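Before anything else, here's the structure in question.
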């Protein structure tokens, strides 16, 4: 029983980290219809900036998070303006080519600028160490990641479902031409959505860094994981992404405990099963 | 048609003749991609050797030709090795970070009349694949075996092993089990983790449930080691007094700053620590740090490359710069010298390097820099894994 | 003589809404039936149920006496039930010639052949030529479909249906979007169809309906409210109500 | 060519047209360029042979992606299955005759095509992409686990192919391997040319554009694509076998996501939906990568990335597609 509880806690913690990192991708893929393979690259940029600010400049963790989000968005603005804007509405394969190209460039440049070693983001004392739950202990930063994940989910849900801007986004997704005809400047809507997605990527990169350490190859190493989470959840759906993250976290964690040798099989067979049963993602059925 | 072909060949032959006094060495390694750091260390080791010894041996210039194999890819490695031999006319092949890459290229050696100096790849069987292979790094068996003794000496009798599920990991598991059984210890459980594991927390739960007093683990150098060690600490295993044993791949110097406090006290066995206290090593480290640019990036592949260059220079000396692989290899069999890692010998029979293996503990120096502190030496260790190579 | 198509008590609900409500009808060889009804009456749903693009909740579809309710739409096509689409569904990177040839080959059962070019087969090319000629598409035969006008694309839809030599042909608004000048091509093509064939046509163009149909079925709110001769349809009280009623409610419903 | 031919009820194919239709022109081009390669870089034939092997993989992706519209990031499963089938036959069963090995690779690839087709065709779009990723990871993991057969992560070595026809030995220069590779490519190219122009090829293009329309014609889109997947597996399997024969090793990388993604990038680079595009994409990408990584093994990835971006910006239909469009515009101008 203790073991079960313990695995459940690990699953929750891992799932929430997956959620925080993947939700930005869900926004670009679901709301903006861009197969953004460069998502990990932006998360990685966020991680590097946070590491630079918090460790090398000694600004501390909170400042590191802020610098990461703002800095990554600033870096992303020209990329959106000159590259992404060319592939909105383009065939999927074109988007794949462009975003892989961007990823390669980011990897190469990061490798050149920061070197190939691992970069850490020093945690503040309050997030170091672990919390004793009686039957086991759990790292404090994981609790922080869980809480952040919930806050992000709530804020994002509010932004998209309850604000005027959210209405514009949803309208632009449904019918860009019609929305433009109504006087909404769709390119601004897209640019802002993109910035939000990138900011989320950067935040995820920082919060997840304890589990997925920051290094130049980060951008490609975890790409598949993010893609799987988003498509299992149903692109563009916040509850979908949340459920998918938790479910995949649970499958992965249980698989790794019960049969680590076959963890890969376990995970991908589950993915095949879920995707076959819910071809439009879990959220596709929930609606 | 045939004529044209002969002309083309003649051209190729002529061009290699014209370059005769420059001896080319082809180095295959991961210079981009996820293992770029290790490739960078190859280059740093080689550059350090040039910096300390110049790039002339007996009047012959040595020129290095680098080729990139970002991830284990034997087909590409072989194609590049072939290209190095045929087009670039290299007289020596060297480098090879991954076992399959080295294995693939061994098939060429005899026909190409080229010796191969393995500067990293650590599976015992490589030297058996061709009589023209030498190795200046280590094998997983070699670095793993002593830690079993360390565990026993520390009074640990029940150990759980957790290794990455791929060739070297399985090698390490077998080596540890064999050595630990010889010491009279018991491996209570052996777990193999997929290479793609990100979250190690569930595995920590398994360690706890197994009731082992100690853990032996092998993971490839890089990002997973960080997550693994943190999970070990965060899940209370360190606090519970479970002993942690691993080979030095896990605490390579370039990963130590990232591990930080979490790494303190980790005990590993390995053939080389950047901190090794000897005049040879001081000279080497100074040159290699300069070559690599950022001293924090210096790690073990550099010393394998540095000593590899030493062996190559001896082979060039012995052959007077003429291409004769057999004579070259023969000349360095049994060769002994003082490497930055300590005294070493190329074993005359296996052509693998005999060297000291050190038990080290991660410590913090006066400047707050983390390093591997050598605390025990196992002298003149050969490769116990050779006995298990299938013929 | 068995009916070519026999639809028995079809029922289909979307959510709580009965879109097709206990619909039965039958068609014999030579029948020329027009299916009309106000917007939202469930005409396209009915066609989709018959072709197998949708599965009914209740009821059966019989094709030449055989129950095909459980069969996939492709299997129904192979048994002679062919449809055209209301909005053209064509292969925009292919030419009209290729479209018709593909249909002919598919009918012959050689469309899965992995070698040889259709243009080498005289009989195929002749048939393709005839069909294209009949619909006035000959001049466009080697253009990409994306380069030809919408009206001509509609004609191509019919050409493909004809090439499949169906027993039962369902035409979903064949003349929609076709310029007046070209509807006569459609009419002529329809006239030339084999008399053995049963045709069910949905269209709003009443001129076309009256010229073509020997029988009219009126569908309203998922139910058949009239099934009889064309000359009687305008006199029918329920039909008038259905149409006028829908006009009266149009303002609030939209 | 695009001018409508007024009233020409029975177009007969001229000899010239037949020539281009069957891809004889393409075969000539393959052989001429291939032989040029042989003489221009006689000492880098190993690379050229690798290019041919990968070209077969890229052609194979084109069959399902370009002709049937299936999105896949897992196609290396088919290539790797062929490579391992041929390699295991040679290393464990002593089947070292190269033509037989190629045939075994073909069968292995086709079987893998059938299996992955059955899985991948259960969804569309993004979900399909994810299924293909799951498939390649399962194949990779299975090969890693079955290390007794495959050598696991150490790779399968000890593949020693016999001389071809007992006469032409596989030499250090890789001449035999290269000539064999070119001939294989030429044969496959002709076969695929016939295939894509056959009624089945037309059907497949139809599926890509509108599967519902295909069903309305009485054909089963699923069965068409599945058959194409098997054929595609055979082609990729030949490529895998060629790689196993010429390099005499098979590594886990031949079953990797990375290889799948790279091959897809090559296809998109050359131009999806045309055999020439697939060939051009492979040759350009691999030569570019090889030259760059030799010139600067440390930072070539950045430049490859920049190339990909440039292609999307300036040649959105791929090198071949955009080249054709430009050529068409130039041709049209004078008339």
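A, B, C and D are the chain letters, set down in written order, and residue numbers restart from 1 in every chain.
One rule holds in what follows: contacts are C-beta pairs under 8 Å (C-beta built on N, C-alpha and C of every residue); 3 or more make two chains touch, one makes a residue touch a chain.
All of these numbers come straight from a predicted model, not from anything done at the bench.
In this assembly, B is the chain whose CA centroid lies farthest from the centroid of chain C. Think of the whole protein's Cα atoms as having one middle point; the chain whose own Cα middle lies nearest to it is D.
With each centre defined as the average position of its C-alpha atoms, the distance from chain A to chain B rounds to 36 Å. Note: centroid distance chain A to chain C, computed from Cα atoms, is 48 Å. If you average the CA atoms of chain C and of chain D, the two centres end up 41 Å from each other.
Inter-chain spacing, taken between the CA centroids of chain A and chain D, is 33 Å.
Those residues of chain A in touch with two or more other chains are numbered 108, 111, 261, 264.
Shared interface positions of chain C, defined as residues touching 2 or more other chains, are absent.
Within chain D, the positions touching two or more other chains are listed as 141, 299-301. A list of each chain pair in contact follows: A-B, A-D, B-D, C-D. The touching residues of chain C, counted against chain D in their complex, run 51, 53, 72-75, 77-78, 82-83, 85, 89-94, 98, 101-103, 105-107, 110-120, 122, 125-126, 129, 133, 138-143, 160, 164. The touching residues of chain B, when paired with chain D in their complex, are 4-5, 8-9, 12, 31-33, 36, 39-40, 66-68, 71-76, 78-80, 82-83, 85-87, 99-100, 103-104, 107-108, 111-112, 123, 125, 129, 165-168, 170, 194.
By the touch rule above, chain A contacts chain B in their complex via residues 3, 6-7, 10, 13-14, 17, 108, 111, 115-120, 122, 130, 132, 136-139, 142, 210-213, 215-218, 220-222, 225, 252-254, 256-257, 260-261, 263-264.
By the touch criterion given at the top, residues 65, 71, 119, 122-127, 129-131, 133-135, 137-138, 141-142, 145, 257, 261, 264-265, 268-269, 272, 299-309, 311-313, 316 of chain D touch chain A in their complex. Within the complex, the chain B residues that touch chain A are 32-34, 36-37, 40, 165, 191-194, 196-199, 201-203, 205-206, 209, 222-223, 226-227, 230, 234-236, 239, 254-255, 257-258, 260, 293-294, 296-297.
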